[in-house]
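Mind having a look at this structure? Questions to follow.
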Amino acid sequence: MLEPIKVSLESLNLITLAPMLIAIAGGLIILCIDLIKENLDKSLYVMLTVLVLFTDFISVMGLNVNERGFFDVMLIDGVSIISQLLIVAGSMLFIPLGLTSRRFHEYEYPEFFALFLFMIAGFQFMAASDNLILIFVGIETASLALYTLIALHNRSDSYEAAVKYFTMGALAAAFYAMGSAVIYALTGSVELYQVAEVLSSRLDEAGLMIAVFGSSVLLLSAFAFKLSLFPFHTWAPDVYQGATAPLAGYMSVVPKIAAFVVSIRLFGMYIELGVEWVRIIILVIAVLTMTLANIMALVQEDVKRMLAYSSISHAGFVVAALALDTTDGNTSIFLYYALFMFTNLGAFAMLWISRHKQRRFDDRYDNPYEKFAGLINIMPVGAVIMALFMLSLAGVPPFSVFWGKIYVMQAAVNAGYVWLAIVMGLNSAIAAYYYLKLVVYMFLKEPVKSVDVVYYNLSKPLMAIIGFATVATVTAIFYVQPLISYLYYMISASGY
Amino acid sequence: MIGLSHYLIVSALIFSIGLVGVLRRRNLLMLFFATEVMLNAVNIAFAAISHYYNDLTGQMFAFFVIAIAASEVAVGLGILIVLYKKQGSLDLDELTTMKG
Amino acid sequence: MESLVYIALFAPFVSSLFAALFGMSPRKTFVGAIASLLLFVSLSASMMLAYHVYQTGESVHITMMDWIHMGDLYIPFGFNVDQVSVTMMNVVTLVSTVVHIYSIGYMDHDKSFNRFFSYLSAFVFSMMVLVMSDNFAGLFIGWEGVGVCSWLLIGFWYHKPDLTREENPSISPSWAANEAFIMNRIADLGMLIGLFIIYWNVGSLQYDAVFAAIPHLTDVILSTAAIALFIGAMGKSAQFPLHTWLTDAMEGPTPVSALIHAATMVTAGVFLVIRVHPLFSVTPEVSYFIAALGTFVAFFAASMALVNRDLKRIIAFSTLSQLGYMFAAAGLGAYWIALFHLAAHAFFKALLFLGAGNVMHAMHDELDIFKMGGLKKSMKATYIYMGLASLALAGIPPLAGFFSKDAIIETAFNEGTLILWVMLVVTAGMTAFYSFRQVFLTFEGDERYKEFGIHPHEMYKFVLVAMSPLAILAVIAGFFRESFNAFVTHLLPGYEMSEHTHHLALILGAIVFAFAVGGILLAYKKYAKGLKRSEKVENSFIYRLLANQYYIPNLYEEFISKPYAMISEMMWKGVDLKIVDTTVDGIAKFLYRSGDGTRKMQTGNLSNYLNWMAIGGVLLLVVAMISAMIG
Amino acid sequence: MDNILSVLVFFPAIAGMLGFVVNKDSARVYGITVAAIEFFLSLWLWFAFDGHNPGMQFVEMIPMIPDFGVSYYLGVDGISLFIILMTTLMTLIGIMSMSVTENVKNMVITLLFLEMTMVGVFVSLDAIIFYLFWELSLVPMLYIIGAWGGTLRVYAAIKFFLYTFMGSLIMLVGMLFVAYIYHDLTGVWSFALTDWYALVLPVNYQLWLFAAFFIGFAIKVPMFPFHTWLPYAHGQAPTIGSVILAAVLLKMGTYGFVRFSLPMFPDASVIAITPIAMISIIMIIYTAMVAYAQKDMKQVVAYSSVSHMGIIMLGIFAMNAEGIGGSVFQMLSHGIVSGALFMLVGVIYDRRHTKMMDEFGGLASIMPKYAVIFGIMLMASVGLPLTIGFVGEFLVLIGFYQVSPIMTILAGSSIILGAVYMLSVYKKSFFGPVTKDENKTLKDLDIKETVSLVPLVLIVIWLGVYPKPILEPIDNSVKAMLSFMDEKAITQEAKDMIQVAKSTKEMK
Amino acid sequence: MYEQIAFYLFSVLTVTLFLITVMSKNVLYAMTSLAAGMVLISGFFFILGADFLGVVQLIVYVGAVMALYSFAMMFFDATRNIKEKSTHPALVFGLGGMSALVLVMMFAAPLYSEKIQAFYPMHPEAGNAQDVGIVLFTKYLIPFEVAAVMLLVAMIAGIILAGKKMDVSFTQDLSVDDEIMKQKDAK
């Protein structure tokens, strides 16, 4: 019989759990409400979700930097705080997109919102731990919920998307598990701070390099899938196309932030330990990702698919910053995603309001370029706003993504990777083409069909969201400073 | 004497078998089998390492892997069911409407 | 005195603006009258200035305002009226006044009458700037200004269509105008380079500063500067090989030819050499080259004039030839003689051209002297004028040409350059021949024009009266040689013949005279009785060579214009579109195509996606293994 | 009014924003009024400008992103002042002469935004703000070319955008690298040009950075062989687009060289003299030849722009006050003259809907006023003395002569080749008999066109005769810049090459 | 010795069974061999002293998962032989072989180190179940709870995806919206 373990409640530091608990509790509350009374309107759930997330957000704000909790499983450092803030804020921005004027299948389920909240809790766990087990469970919680959310859209494309995402996710999970096993074999631990310690003492042992590299590669494969890096990106365009626009936009930002946090912890560790090889591999993948995704985006016929490739390319961009493993680099990751979030929110919201239940322009696509032809005449304000988002994505100053872009490039330059900055620059130029293509369609072409309304799905809340995204995109220059200083402070405080 | 490497190599082989399965299966149900095989392979590795290091973490990991595998099955089968209702088939070659 | 300078300078400018006001309205005679009046004002002011300079022996120098000031470069609008410039001013204003009045008659029927006066006065203004400027930049302003006016005036009848070179050797007025402008531009580049050399070695473009600095400069710099400036002069004064534009410039109205392409603008080159004499006098090689080129052009142009049938072109060739004389003199150091010949030539050549204009007017713009003949009946006054001018040109004493030209030939002898002397003498004979060939073919002999149904009539009276000052000057100008010498040698270096030459002066004069008279007699014998054409002669190689101006225009066209157009076309279609642009588009297309290629990896088939993922993972593993094994 | 520059930058933008409310029919008047106010504001700027002070004036500095060194930092000196004036003037004239009939309101709003970005580029003293306006200026131009252009408009617009965008991104990397070095040396982030000027960089760094900036600027200028976007852009753009593009947008490139490349990398600039001069000479001669081969009147003017930009480039790399000052002046002159020429081509295009020269002939007799103005602009374009075109060209050539006489002679061929293609255009379109019946009934310039063109003619002549008020401030600023470069240069060769105002005396 | 025999026996058997799972054309065979392989894997766990894990393996995998699969199989009516297009066998087996090779090489490396101290050492005297229990409910309580949430998610997902409500799709149904409009008008 082992001695019972006595643990004081204070040492558990339960507050570190508060944000996730709030999200989970919120999910449960929604389920309970559904049990009590059926057929409530989606707006109730949307607002409840927003409310829960808001509470979540506040509780994250209340966390102290650099605390560990619950037997050191929870890790609340600067990175985890800012990433949780971003995750929650992103979710808060995307979920009101459910308030469309038309009814879509998934929003009829109260479970949709519960799953959504569970998913956020999963992401938060990913971000707030350096224990590979908790990370794994967090990933899977979030992913399983996300697969379901995609499938709930209930049409053949969304099933297809869900199946593809799910299957590849399962393979990635296997890679992740195998990678963790190798790390465990190497160090006898799955907690990264211990792993780093043991690994640094073992690095000079003969014959181990293969295992060190191997573990990094297996984990990299798993996270490359999550971050949609070449050649693990193949799911992304199909899933984005199959999912609804809000979900696709959401997927392009929030899960990636969570995955980036883990990547910073994991690969940052390798690079910190002096395994330059990992850095090189990541850089190669980054360059391939941004370039190939860009080239493929050039030839797309569908805007959403184009945006999918574009967000793959953006991810490649940011992953390069990850490889730098400098404070600047890590700051730039979050800065980039924070700024990218607003623009992408806007862009996908614009696609969402123009969503019609039938495909009126193309048999395959919901948002072919032709749909937006001559939008300046049909919906001038909408066209201008969409163009702003496109320019922002292309990295035209002073819109939000530009600031992220130059910060990433500056980080690359600071770390001595000028060639990387040049590659990024050239890629941005290539990318400008496909963003411009939409602008050209909207502004310079005549409408293809005389279609009554393109903004079929518009509603006041959506207008508000788009307005918010527009303002945030355009006025980025004014809030970049506090953002940078906050992010930089948080990241340097957590030692990355 | 059976060392850690023996177990790990078995694990590696099974993992690779699972990978082959994932690669060659066109039936989604059978593809899921292959992913189960892969996860099981990892479990062997964890259990073995745990044993040799005399450390429980590996077993913990294995538990969670099992839990995850089980949840994946549930969600996966759920998706397969809606898909099957719609398509009447589980052949992934028919899932090619989105491409390019 | 300053106000006089301004009056002399700006009266033509005002005239030009005034005429321009009516540029698009129908013909208004008062425009011509006022323009002429203003020109006369300018002439009067110039004369008063000349008197002032003559009296005091001092130049009038004014700086009107700053023009360009950048870095160390400082260029003001400064004007300097000294012996040389005042001479030029008088010549220019005098001839232009006459030409203005003449034009009232000549342009009588032209709908663009007002426009013509505007251009013409603008030309005079530019010419005044050219001669009066106290710095090289100001000279260049005038230099380009006269170029533009010349372009405008040659192309005055721009509406005429392009013809082939066989139909009209100058193709069309607009073509000729462009040719003139572009050829001048080629020379202007040389001139600009000259300015640059001077500026970077002296630090200023003011004449006095430059001349003061000359002793401090090396020979190489001086020579290159002199050559560059002379290239500029070659263009404006139509020296070989930039001479073809001058004959083509005869497409312009005849008063223009008289004023610009005989009396004033074309002599700007000579003026430049005289103006910058301190530079040329210290660069003997360049000067000798100038003299040699001048002599060559004198002979070369005269040879082409021998067979030409076009009334104005003959005079143009003769202008060319006389310019050669002037350069010969200037090159040999006899600057004042060159200037003297310049002035004298201006009078009789303008007269000659205006006479030709009368003939044209009478002949309804027919210019072929083979189609004229016997005009003396209907156009007595013109005959006298042209005869006088031709005599002067031929150098028959006591007319102006004799004094000036003879002095040049004598100079050539004096300098010991016998080859030049011989050529000049022979040229003098040729000059006499072709001048009188033209006069006789036009005015004497059978009345060939009748075949073409032309009824010639004499020019308006007032026009003939207006021409009289020129005629008088053509006759008497020679007598002022010595006083002129005394006047200008305040500024220009004096040139005295050596003792030896002085002794031989009479004999030399006699030789020249003999050649001249010989020429006239030959012309009389051949043409005075009427035109006798000889197939044999006309088909001979030399005749055709001369008639086609040594095929030089054709050469230019074949070896410069056409290849240039061809290369341009090639540059555009071959290089710019095919190479440069295709490369740019090629990169874009390559990217797009590779997009089409790479999107194939996105088959839509999950199995393929899984393959990709596995390939990625396994490949990374293999790379990991290899790099771990390598170390 | 210490914040006159901010007013200048944002007035058109705010007006543009308000312009959405203005009724369609009144949009043009609104545009003209706004542009006129803006122009008078810029005149006021000139009036308040102290011509004897070579430094930056009306400086405004508000830190925007202090952690990253980005600040809203504006100022003008003699170099930028007149380019700003030209920008506002050409915008005003452009809007006045605008012949667009469709979507006038959109056009006016677009133009006002474009004006903001253009003025912004020339007043920015912070690299990032400069870059911001630089990139932003592409967007309205893209719209103008793409929406109102000819048949290939979309191709041309995208080509224009992507080409310049690509170049400027490389330039951005260069800027970031400079900022990095600055941070490395001082520990402070700053993108302020005045701070950057103080950096003394090793020569190899200078060379790389020079190359990065070069790509950005060279594409904009456009220098051979990056020029092929220009003929398309001009060929397809509506008149107003071409006017602004030629008059202002191209100047951004050359202005960039003066503002960034020279003072920041004096040694590299000196090393680059020969290659750049060679490219410039190729530009001058080659594009002059290509211009001669064109059939389309507008393409001639477009290629002639490239040729003239070659002259400007040459002057900038003369490294003496004459050359650089001449280049700055030539920027103004080219802006006004080529702008006017494009407007003139637009006049005939509006009437006949073709720009092919063989469609015309004899226009001088049908449209005499038009012919006169065209002739004056043509003469200014070929650099006739007493027109604006001469002063700049003369100064540039005289400046560069000090660097290399041979190259100057080659470059000087522009005065010949320029005359060749320009006169041939004039001859083909204006001279000769009227052959086409359609041309016989063409109307001469109407009031609108006359009112817009005559001021340009007056300026062309005024600045040709009396350029002093403009040359003086330019001269002061350029001299200050040169002496500063001289001080900063590391290598002796560079010090020798950079001539600070005492040039000619030393030669003696 | 006993351990060796067991190890090799289990190894050969699992590998063979999983090969059948992967290669068989018959779903039933594949599933049966998968179940059998999983049982044998629990054998590994027992050899390695992870008794509790072995039990869980048996219960969860062989019990729950396999039952799910068999129900699914019945639902899908997949008892007959499945025709599958084969993806380039060379590629598949090349990749499989390659990964096996690399992983084997990796695991053949001297991963084991005496120096490594167990962070959560086993206590053979107390028994595996107790050991596991203590660690699971202290250190790994949070992951455990999250796993519970995950299972909840899976459950909800399974229920709603397989539920009847999915049979009609609002996503492509225009009439749904008209109803809403009518309701609104009525109000």
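Quick notes on this structure:
The first chain written gets the first letter, and so on, giving A, B, C, D and E; residue counts start at 1 in each chain.
One rule holds for everything that comes next: a residue touches a chain if its C-beta (ideal position, glycine included) is under 8 Å from a C-beta of that chain, and two chains touch if they have at least 3 such contacts.
All values derive from a computational prediction rather than experimental measurement.
The minimum number of touch steps separating subunit A from subunit B is 1. Among the chains present, the centre nearest to the common Cα mean is that of D. In terms of the distance between Cα centroids, subunit E is separated most widely from C. Counting C-beta pairs in contact across B-E and across A-D shows that the higher total falls to B-E.
Mean C-alpha position of subunit A lies 78 Å from that of subunit C.
Here the spacing of subunit A and subunit E, counted between their Cα centres, is 27 Å.
Each chain gets a centre from the mean of its Cα atoms; for subunit D and subunit E, those two points are 68 Å apart. With centres taken as mean Cα positions, subunit D sits 36 Å from subunit C. In subunit B, 4, 8, 11, 15, 18-19, 22-23, 25-26, 32, 45, 53, 55, 57, 60, 64, 67-68, 71-72, 75, 78-80, 82, 92-93, 95, 97-100 are the positions where the chain touches two or more neighbouring chains simultaneously. Within subunit E, residues 87, 91-92, 95, 99, 102-103, 105-107, 111-112, 116, 118-119, 131, 139-140, 143, 147, 150, 153-154, 157, 160-161, 166 each touch two or more of the remaining chains.
Shown for subunit D are the residues that touch two or more other chains, namely 162.
Contacting chain pairs (ordered by label): A-B, A-C, A-D, A-E, B-C, B-E, C-D, C-E. For subunit E in complex with subunit B, the touching residues are 3-4, 7, 11, 14-15, 18-19, 21-22, 27, 30-31, 34, 37-38, 41, 44-45, 48-50, 52-53, 56-57, 60-61, 64-65, 68-69, 72-73, 75-76, 78, 82, 84-87, 89, 91-93, 95-97, 99-100, 103-104, 106-108, 111-112, 116, 118-122, 128, 131-132, 135-136, 139-140, 143, 147, 150-151, 153-155, 157-162, 166-167. Within the complex formed with subunit A, the subunit C residues making contact are 588, 591-592, 594-596, 598-599, 601-602, 604, 606, 608-610, 612-617, 620-621, 623-625, 627-629, 631.
Those residues of subunit E that touch subunit A in the complex are listed here as 102-103, 105-107, 109-113, 115-119, 123, 126, 130-131, 134, 138-143, 146-147, 149-150, 152-154, 156-157, 160-161, 165-166, 169-174, 176-177, 180. Only residues 4, 8, 11, 15, 18, 22, 28, 31-32, 35, 38-39, 41-42, 45-46, 49, 53, 55, 57-58, 60-61, 64-65, 67-68, 71-72, 75-76, 78-80, 82-83, 86-87, 92, 95, 97-100 of subunit B touch subunit A when the two sit together in their complex. Across the complex, subunit A meets subunit E through its residues 1-2, 5, 7, 17, 24, 31, 70-71, 73-74, 101-105, 108-109, 111, 114-115, 118-119, 121-122, 125, 131, 133-134, 137-138, 140-141, 144-145, 147-148, 151-155, 158, 178, 182, 185-189, 191, 194, 198, 201-202, 205-208, 210-211, 214, 357-358.
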